[in-house]
Each structure stands twice: as C-alpha cells, then as structure tokens.
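Below are two complexes that have chain A in common, paired first with chain B and then with chain C.
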Partner chain A sequence: MHASGFDRTRPLLLAAMAVLALAGFAIGHPDILSGANFDSMAVFGVEIGMIALGQTLVISGGDSGIDLSVGAIAGLAQVVLGRLLHADVAWPLAVAVTLGAGLGLGAINALAVTWLRIAPIIATLATLFGYAGLALVLSGGTNIDLTQQSSWFLALGQGRVLGLPFQLIALYLPLLAMFAFLQHGTGYGRALYLTGTNDRAAALAGLRVGRLRGAAYVLCGLTATIAGIVGAARLGTARPDAGMNDNLISIAIVVLGGTGIFGGTGSVVGTALATVVIAIVDYGLSYNDFNPIYQAGVIGVILIGVILVENPVLAWRARRFK
Partner chain B sequence: MALVELKGIVKRFGGVVALDGVDLTLVPGETHALLGENGAGKSTLIRVMTGAVVPDEGSITVGGTPCRFTHPAQASAAGIAAVYQEPMIYPHLSVLENIFAGAEMTGRFGIVRRGAMAAVVRPLLEQLDLPASLLVRRMSSLSIGFQQMVLITKALMLNAQVIIFDEPTSILSQAETDRLFVIIERLRRDGRAIVYITHRLDEIRRIASRVTVLTDGRVSGTALTSDLDEAKLLTLMAGKASRDYGKPLRDRAAPAHGTPALRMAGLTRAGAYQNVDWDVPAGQVTGVYGLVGSGRSEVALAAFGALRPERGTIALQGRPIAPRDPAEAMRLGIGYLPEDRKLQGIFATKPLEANLTAGTIGRFRARGGRLDFAGLRGEALRLIGYYRIKARDETIGIGTLSGGNQQKALFARWAGQSLKVLILDEPTRGIDIGTKAEIHDFIRDLAAGGLAVVVISSDLPEVLAVSDRIIVMRRGSVVGVAEGAAMNAEAILASAVGADARAA
Partner chain C sequence: MSAAVMGAPKVPRLRLPQGREALLLITLAVLVAGIGMFSHGAFWSRINLDNLFVSSAITLIPAIGMTVVILTGGIDVSTGSMLGLTAAIGGSCFAAGWSLAATVPVFLLAGAGLGLVNAVLIIKGKIPPVIATLGTLSIYRMIVFIVLGSNWITQIPPVLTRVFVVDHVLWLPVVALIALGFVIVASLYLRYFRWGRHVYALGNNEEAARLAGIRPERIKLAAYVMLGLLTGFAALLTLGQSPMVQTSTGSGFVLQVIAAVVLGGTSLSGGRGTMAGTLLGTLVVQVVDDGIVLLHIQPFWNGVALGVIILAAIGLSSRRDAGGM
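On to the complex of A and B.
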C-alpha cells in the first residue's frame, strides 16, 4: 500500500468495469459509442463527480464522517446564485458570492461535527433539511429562470473547450487533479489519512484532528456548490431541489470507488473511476430504453458486485505477494 | 496423567514458521508458566489450544482423546478456556449477559431465562469471592481486574478444565494481581490445569510449578520452577547472557540545581489528581511510580495539553504555560508517548514510515506545498537504523511488526524529535526483555543528551533501573520523592501501596 493509502486494485477493477459496461451496451446499440453520447455521459457525470470528490475527503477522515447535505447545498447554491443574478449582480460576482456561501454552508457542517461534536450523520441530516428548507424559502418554491443571463455564465455548463464540454475540461479535471494532489501529495492529505485511521493516536501525535476533519467538510461544501453552479448554467434554471438525488448517490460513488466507510483509506482517483462507471451505466440504461425506475437498483447491484469480485482478487494478490 | 497433550505442533503463516514442532503437556493441579520473547510463538500456541488457529501439523489430545479443533467452540466444549490480557467483552452488556454470551439458557419461544442463569452463576461467584450484585453491572463499568474475574467465572460456568491466562497482570494493580494469584491457586488446587503466560520473572516463582520456555517457535527448555534460578531462565529466554536486570544502568546523575525544565505545582483535577507537584530537571530521568489509577498518566496528559487541569500551574523552563492541545504542547517542546500502544499509539494499517513521522509531517514540506517524500523516507530510515527497528523496509505496515518493534517505532517517533521534555508512559509494557533493555539504554542516552525525561511505569524494577530520581504517586497524590540512597524497592513500593510512611 502506498504511504497515503492508495491501493490500485479497486481502480483497475473499476476501469475494467467501465469498459465491460460500455461493451455490453454497445451490443444492444452500437451507436452508443459515438462522440455525442460520450459527451452526454460526461456532462451527466461531472456534477455528481465533483460532489463525490469532496465526499471522499469527508468519509476518509473517519469517525463515521459523512456529508448527507451535499445535494441540499447544491440546490441552495443554485437558488442563491439565481437570486443574485435576478438582482442584476454581475455574474462573476454572483458566482463568487455563491462560492463563498458554499464555503459557509460547509463550515456550518464542520462546526456541528468538530466543535459541537454532533455525530456526522445526524449533523448533516439536520443541515440537509435546513439547507433544503432555506432553498425553498429563498426561491419561493419555484424554479428561477436563468436562460436570459449572460452567455458567458451559461457557458459554465454549456460551453466547449477543445471540442469537449467546458465543465469537464476546465472544472472537473482540474478539481480532480487538485484533490488527488491534496490527498496523496500534501501534508494535509497524509494527516487526514492518519486521523481517519486512528484519531486518538493522531491527536496524541500532535495532529489537529478537529481542524483536519473540519477542512474536509468545508471543501465538500465547496465542491457541492461548484456542482450546483454548473448545473444551473447547464439547464439555464436554478432549482431549489436540484441536488436531492445527489446526497446518497455521491456516497455510493465514494464507496464504490474504494474509500473505506470507516476512514483512513481510499482515493479520489477511485472515486473518479466510479463516477465514470455510474455515468456509463446510467446513460447506457436510458439509451437502451430501460425503465428508469430500475436504474437506482442497478447502482446497488454494482456496489455489491464490485465487492464480490474484489474479495477473490485481493485474496489472490495476498497469496502471490506473501 | 496428562490432561492435555500437544505433540509436534507446527504452524506456518506464509513463509514464517510461528510454531516449529512444539510439545506441551498439561497436568491437572499444576500451574504451567509459558515464557518467551515477543514473536516466540506463545500467542499462536494459545490460539492453537483454543481452536482459533488450526495447526498445519501435530496432534492435540484432551483426556486421552485425539482432538482437532477447527473452531473456538470445539475447544471450549473440550473444556479449554482462555483469559486474555485485555478481556474481549461486550462492554454494553451486563456481567451476566457476558458470562452467558453464546451459551444463553433459553426456555419456550427462545426466551432467555435470566433467573436460571443467575442461579447457576451465583455459587461460582461465591467461589471467587465476588459479590452477586456484580451480575447486573455493566461490563464497561468494571475495572480490567474485575473483567478478568468475569471471564474466569465464564470459564468455570463452562466447566473448563484447562484455563489459559495470557499476561493477565500486565495492566493490573498490585492488589488486583494478588487477588488474581489467590484465585489461580484455588483453581489449581481444584484440579484444573493452568497455563500462565507472562513476561515477569518474579511472578513465575510466585505462581508456577513448571516452566516452559519458547524461543523462535521451539521449546528451548522445560523445567520445574524449583530447579531454575533467574539467570538460567533469562539465558533460556533471550538465548544469550542477559544483563543484570534491576540494577542501575550507570551512575546516577548528580541532583540538579536551578530551574527544572518542567515544573508542575498544585495541579488538581477532581476525581483524577490533587495538589500534585512534579519537578522534572533537564539531563535526568525522573521516574514516576504508582499503581494503575494513581493519577500518573492524567498528570502527564495535563502537561501535554490533552487533559486540562482545574487548578495549578505548569512552567516550562520557568515560563508559565497552559497548552490547550497536544499540538501546542509539542510546539512548546513537550512530548508524550502514550501508554496504550494499539489505541493511542499506532496507525495499524499505515506504513512504518508514516507512523514514524506522524508527529513531524509539518516539517517535511517541499515546493508548492508538496510533502517532501524523499525527506520523510530519509528520516524514517534514519530512525529505523538508529533505533534498530526490525522491519523489511519503511513501507511495511506497522501492524505486521512484532509488539516490541511497534513500541520501538513509537519511541523513535518521539525520541527523534528535538524536545525539551519527553514523558514516556509505560515505554516497555508487554514487550520482550531484549527490546526492553534496548529502550532503557535509549532513554538514558536521551537524558545524557540534556533532555528532561519522565518515565511513568508500574514496573518497579524498570523505574529503579532507569531513573535518577523517583516520584511516587498514590490515589492522585504525590506520596514520596526518592533520590540517591532512598531509592530502594521496599521503600518505594511501601509508599506506593500506602503500607508505610517511611519513604515519604
């Protein structure tokens, strides 16, 4: 195992899975392998993928770390952004203020968990309802139309760079690189892994456990906010309930990506590959006219399937490298 | 007539041979001590006997019948029970529920019959001089000593004929130890076979009639206790001539003058300690001796910022300080090696390197906020080399190392930093004699280098061996400070247990 907890079994497995899934769908509909379709998959995956990056940090910090409020943050961010834009605030300023608000929402989670010492699942369940409620109040319960906004703003979710979606090239991939560097290349990442592994030992080794975990919640609030902004720009509308499905799917992706739910392990690289798998499967099912009602169940099947395949692989590797 | 006979037991883990043809005979009415350094195979042998590990070769016979245990329940049914150092329990359940865990007596519809279970246990408790009111207590509310008693009760309830004690006294107070020995002696006289595993040589003479020494997975000797003296035992165990253990390692430092490196005065925290004064001079080892529960660790944690005192002052080199957390205490130059290796010390699944450098990550920063991985590796290799940590390389998981090497690594984590005061809480608990002696030498070196070192220990020979002066604590108070000629075992023990006021 790498010093910072990187293990390559799960990423390889996920890459294989993505190829297999794609091949499977291509049997039904060979034209799924077109550029336009890959494009759609990427656009679908980017937003939940960003949220999952922050979620990875929170979960790997241990102490049953989890952020159930990410989807609510994304929705609230959209509403805040929408109100600002409708108040004729210049769009770069509106985006900046929204990002600041997102950091604040993450900080509230951080304080609830590290300072008030509320169990993360309860604290973020509470803020999930709080943020979602606030989004409804601020929006009056209706969607805010943004289609008339500056085309520069709308490009955040609809633009193209080098022939690929803007949000993939200019936002998601740089974020992924930054998070991977943060996790595997910096002292913060190392300290967070140690905290997730054994927080008592970490505190007694002089690590500031509360701050390390708190920072993860703040960063998670930030990625959820960016995802919310991208979503609003993509659809040209700010919806108070925009991210409600993302709360649990982001957790499923993180776990699928190989981050242990007890903390101290995992990588955003695995999370990114898991996002690819989910994006392919979700899009492929729709493309093959699968009843969308079954799609949620498929994610569950994939989760269990990966574990069932991985265990023998790990056992085989353990035998080989003994 | 042998009750249990192990013959030619071999167990390999991958390429490592943990047990290499071990024979062991257990006779009813005899206490059989099992000695050996860490990694000698004691734990594996117990796990073979209790069915937790299936041996690759060899035979086990119980009462003349050959047995093959593939599951702990089979060993338990054959009358073999074990009492572990840190009892594996269900902390949230009552004592009664713990005793019958997995063996509940049930009536119709599977309803648990509490009354009937209590009726079965009550005479057993009486046998062990335990009050019947114990049954309704929560397991987690009991001290470790009582938790062990509960496990013994469970063994009696299962009518175990062989009871294995795995280093039971290493975290017990003196009184608890005495009580345990009385019970073990009673169990032996009832005709049970007792296996007693320990690191403490003095205990063997007190309790065991026969000793078997394991070295590197083999039996290096079996003898009656009466035929062995301490030097012979040590030679058998370490496989080499041992040092004269219990004597000072070198001339004691002269009493220090001037401002102590660390001074705590009138320190009080209700329920933990009251009016505690510690003077810790630089360039010396200050021993702190006291039984478990004497408040020694809590005082140390106050200096380390982990457990704040309610009253009193802490001064570092004459300057008053009030560290709010360990990080702040470390910045001031205070280090603390915690007493519980597994819970408070190691990051079990992480590499040795990350464990060694956990306290100094902040110092290894390269350009662009990147960790200086080469620097970290270099520091780890330096510590591994200097403190002679036995490991394949620095990337190996610390959890795979022996207990002694894990402890050395934790010691190195602290000793490798530049500090003013280093507090070592039970620096050698549960590790083999060879490693223990090495750590003692390192401690002396640190003091000789000018560091103010505190060694907290409930192992009196250890405190006597490494300390220049000794603070004795009992029930949250300092009851004596011994220097020079006053540092003798009897006086210190007497003041620690409150038997005598001479040492005060």
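On to the complex of A and C.
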C-alpha cells in the first residue's frame, strides 16, 4: 500500500461532484454563483471542515475509531466560552481556557477508548450524552448572547483578511497545512497509519498503539473546540446545541474524502476537498429553503451512497492487483 | 458439531453477566431507596410507578432487539428515527380513518421494513453498522418530515391508551406485562434454541461460526428485522402513552435503548450479554430519569448522569477482562 494511502483519482472525482452540485443548484437559482454566496459557503465549510480534520485522524487510526461527540464538544465549548466572557474574563484568556477545556474533553474520549477500552462508538456516545448535558446545565438551556463582546473576539468569525473570511485564511488553511504535515510528514502520521492498517503489527514493532490513537481523539476534541469558538464568534451567540448534526456531517466528509472506514488509509487533503462538496450541497439546500432536516437527510444519502459505490470498486481493484 | 462449538465460550459467558446483574440490582436498590426517601414518598405513588413501568416497557421492547443486534457484533443508531417514521406512517393511517385492527399490522410491517433496509445496507452493502445506521437515522428523520410536513397527528384512537397503559393486570400496566413476556421468551430462546445459541457463537467469533456451518448473514438479517419489528410495536405503544405524532417523535430514544443494553452488560465486541441484564439496565436508565424529575433536578443533568454511568459501568468491566491489546 502507498504510504499515504491516498487515492489519486479521488480529487478528480470530488472536483466533478463539486461542479455537478453547483450546476444543479444553479439551474434552480442562477444567482447562487455569486461572490457573496461562495463566501457564505466558505464560512459554513470552515467550521465543519475543521471538525472533519480531527475526525479523519480518529477514523484512520482504525479499530472502528469514530468520534460521535464532536458536535457536543463544539456546543459545550461555546457555552464555556460564553460563560467566561459573561464573567468578564478577557477574551484572549477566555478563548485559551476554552481551548484547554476542549483538549480535556478530547482527552476524556481518549482515555475512555484506550485506557478503559470501551468501544469507540459507545465511549463517544456516552460522552455525547455527557457533554451535551453539561452544555445545557452550564447554559441553563438557553443561548448566551455574545454580540456585545469585543469586536476583536467577534472578528474570529466575522473578520476579513485579503477580502476573504478571516477564519478561512487565518485558521482553517493553517490548520489544514498542520494536519497534512502531521499525517504525511511526521513519524506520528506514519505510525498512526500503521496502527490503522494493522495494530498488532504496530504493537509488535514497538509502537504505543493506545497513545497514538488517544492523541487522535485529543486532536479531534481540539478541532471541534476551535470550530465551536469560530461559530460562536460568527453568530455572536453561544448555543448549547450548536453542533447537533456535526457528527454525521463530519463522518460523511471524511468518508467522501477517501478515508477508509476500516482505518489505515486516507488523507486530510481528501477531507478538505470533500468539505468543499458538502459545503456546496449544504449551502445549496438551505439557499433553496429546504428545512435543515433535509440537509441532514441528503448528507445521509451521500454517506451511504459513497460507501455503496466504493466497496465494489475496492473489491474489484483488490482482485485486479492480486 | 454444534455442541462442540458452543461448549467452549459457555462458562465465561455465564459467569460475568451474573456479576454485572448483581451490581445492577444493587445500583437499582440504592437508587430506588434514595429516590424513595428524598422524594418524600412520591416515588412510591401508584401514578409514578405506573409511569415508570410504561416508560420502561417502551424502552425495553426495542432494547430486546438491540441486545440481539449488539450480540451479533452490530449496532443500530437509527432506532429513534425508525420509531418516529413508523409512528408517522401508522399515525397517518389513523388520521385517514383506518381501524385499529387494520393499522396495527402497518406499524409492525413498517418497522420490519425499515429494519430490513438497515440489514441490507449492512450485510449486502458491507457498510459498518454504525455508519449505515447513522445515515439512515438522518434519512428516516427526513422522511418523517416529508410524511408529516409541519403538521401534528392527534387522531390516535383512545382505545390504545386504555388497553396498553390504563388497564392493569396483576397490578402492572398491560404494556409492562407484555414487555416482561417478551424478555422471558427472548431469554429462553437465546439460551435453549439453536438459533439463539448461534447468535452467541457468531458474536464470539464470526469466522469460527461460519466454519461450523452457521450462516452469519441470516442471523444478522433476522436480528435487524426483529429490532425493526419491535421498534414498530414500541411506536404503537408510544402513541398509547402520549397520543400525538410530531416530527421530533422518537428523537433521543435510541440513546436510552443503547444505554440500557450496554449498561446491562451486553458487550459491543459481541457474544456476551443477557436479556436479564438488559431488563435491569432499562430499569436503571428509567429510574434515573424518573428520579431527576421527582427530585426537581434540572432535567439537563439526565444526559450527564447517563454518560457517567455508562462510562463507569462499562469501563470498570472492560478493564477487568480486557485481553490482548
């Protein structure tokens, strides 16, 4: 297997899907092809795209790795941040504390999976309950208004750099570059791939399999937290239920981006390209006034459809190259 | 041949859940004693106990199916959407003036059909169960929205509530007796019938089970369809409990069901778990839920409590018997 496990035909496929999706929406609403709309797509895509970066690492680490709690982490992060800001904590400190809390939430997932050895689905389902509940407890179940906060803070989600959204240029792209380097240019990345491909071999080769996978959950918690902070700054509100469908959407993006669901393959670069496709689909649907329930439903169809198409192709390739 | 395969995993399988069941019984006793005391007797009121039994029964019935699905090494996270969609389809029949006798099969068939969709995606499509059912979770919910629009269905025949919830036999609401009956049948079936034994064999080691002549695909198919069927029945009971269908009906339900099953000691790596455990797990989940209401604790703590209980219960046992990596 290629060391990066990256399928080279995938970018073409994703570009074709993006163009098709855009063309489809443009038939109904030609004005969707405007700068302002592309801008809105980017703003939406950045938040879920960050979460998908972390989710890529978790899934590629194998052993049915999955993080269902990402949305709950994003919501809880918003509430923690909101409470701190309302307690008159300076915003840089509040953001720093929230990031620390996010690392902690990711670490709880990591410990539940690697130390308590709970199956990732159950462990992150339990923390989904726990984190979403805590977000409701801390917020009293209501949204926290942040529109009166420092404009520097709000710029995290509303600012512009070089005429483009701040969070795209200053947060998402650097984060993507870091994750791509981590995955393809460091020993950690190679070790995580090996763990995902064959954890027994990895352990026999002296790798600390638990720590490698644990680190992926911690990083995933971090990306979900950053996404939560950016979302709160963008809307000027901290919402306890901010990340409701984030687990479904981030997993769909990762799978669409070519990361194998059985671990050991894939790349955050594919994830980034798939984010563009999902952002177009999601924005296009809401632009055409579809209820958010339809967005989740369509993404569910995409998730299942991609795997249904992909499995026979993979089986065919495996036969051909035997 | 079959006996030789079943012989090996039998001893550890029977010993561990007994420890779990004892632990759950103690937990339940402590919870009930505590809530009974601090609620100043409100817990022991007839009306509260009835509510508790009805809610437990509605969770328990799909939990029986979920236990079998998890025993085979799978999972279904779409159960809540499935319940919502079945309720929407059946409710639409009620709204169109269908009789109860004509509509009950609709509930059961709709549930079984949705379970079949999950089964086909997982078995034929070779999609990991959590991903396939995460997809159908959102797809089924979308169809609920398509079926209902922004309307509510309230034309539910009152006889449902009377028969299943209000009427008592042997001091228990009828639904609770039905659920108990299902648990006993499922428990005996898993323990003494060939297919039941095959479920454990499959969960323990799919490859070995296949070599022993068991057909994993058939058992998995039956498990997901059975879960769908039971969920369809639970949808009918839900309408007896609160006679209304809305787009959010059943959301959050699956978390309770899965919590009950895994709390009851059924292991997600497959092959280990009992119906008695699921029964006790369901009671713990529902008593916690009830206690939070009775003790006037913010309902938001419910999720936190469940999350912590699951992590603690499974974490302790899986660390104890974790082998290998």
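The rule is short, and it goes like this: the second predicted complex is superposed on the first by the 292 of 322 C-alpha atoms of A that agree within 3 Å, B and C clash if a C-alpha of one lies under 4 Å from a C-alpha of the other, contacts with A are read in each partner's own complex, and residues count from 1 in each chain.
As a convention for this text, a contact is a pair of C-beta atoms (placed from the backbone, for glycine too) under 8 Å apart; a residue touches a chain by one contact, two chains touch by 3 or more.
In this text the structure is predicted, and so the values were computed from the model without any measurement.
Enquirer: Looking at the superposed three-chain arrangement on chain A, would you call chain B and chain C a clash or a fit?
Expert: Superposition check on chain A flags a clash between chain B and chain C.
Enquirer: Taking the superposition as given, does A:N288 touch the first partner, chain B, the second, chain C, both, or neither?
Expert: Touch partners of A:N288: none, neither chain B nor chain C.
Enquirer: Figure out whether A:S34 sits in contact with chain B (first) or chain C (second), or with both, or with neither.
Expert: A:S34: touches no partner chain.
Enquirer: Who does A:L308 touch here: chain B (first), chain C (second), both, or neither?
Expert: A:L308 sits against chain C, while chain B stays out of touch.
Enquirer: Using the superposition on chain A described above, determine whether A:T186 touches chain B (first), chain C (second), both, or neither.
Expert: first
Enquirer: More chain A residues touched by chain B or by chain C?
Expert: If we count touched residues of chain A for both partners, the winner is C.
Enquirer: Regarding the shared-chain residue A:T9, is it in contact with chain B (first), chain C (second), both, or neither?
Expert: neither
Enquirer: Which partner does A:R208 reach: the first (chain B), the second (chain C), both, or neither?
Expert: first
Enquirer: Could you say whether A:R200 touches chain B, chain C, both of them, or neither, answering first, second, both or neither?
Expert: Touch status of A:R200: both partners.
Enquirer: Output the chain A positions appearing in both contact lists, the one against chain B and the one against chain C.
Expert: In chain A, positions 200, 203 sit in both the chain B and chain C interfaces.
Enquirer: Which residues of chain A touch chain C once you look at their complex with the stated criterion?
Expert: 64, 66, 112, 115-119, 121-123, 125-134, 136-137, 140-141, 199-200, 203, 209-210, 245, 247-248, 251-252, 255, 261-262, 291, 293-294, 296-301, 303-304, 307-308, 311
Enquirer: Taking the touch rule as given, give the residues of chain C at its contact with chain A in the complex, in rising order.
Expert: Chain C residues touching chain A: 75, 77, 121, 125-128, 130-132, 134-139, 141-143, 145, 247, 255, 258-259, 262, 268-269, 298, 300-308, 310-311, 314-315, 318-319, 322, 325.
Enquirer: Sort out for me which residues of chain A touch chain B in the complex.
Expert: Residue list for chain A touching chain B: 1, 3-5, 181, 185-187, 189-191, 193-194, 197-198, 200-208, 264-265, 322.
Enquirer: Name, in rising order, each residue of chain B that touches chain A in their complex.
Expert: For chain B paired with chain A, touching residues are 14-15, 304, 306, 325-327, 329-330, 336, 338, 343-351, 353-354, 358-359, 361-362, 364-365, 369-371, 373, 376, 395, 397, 413.
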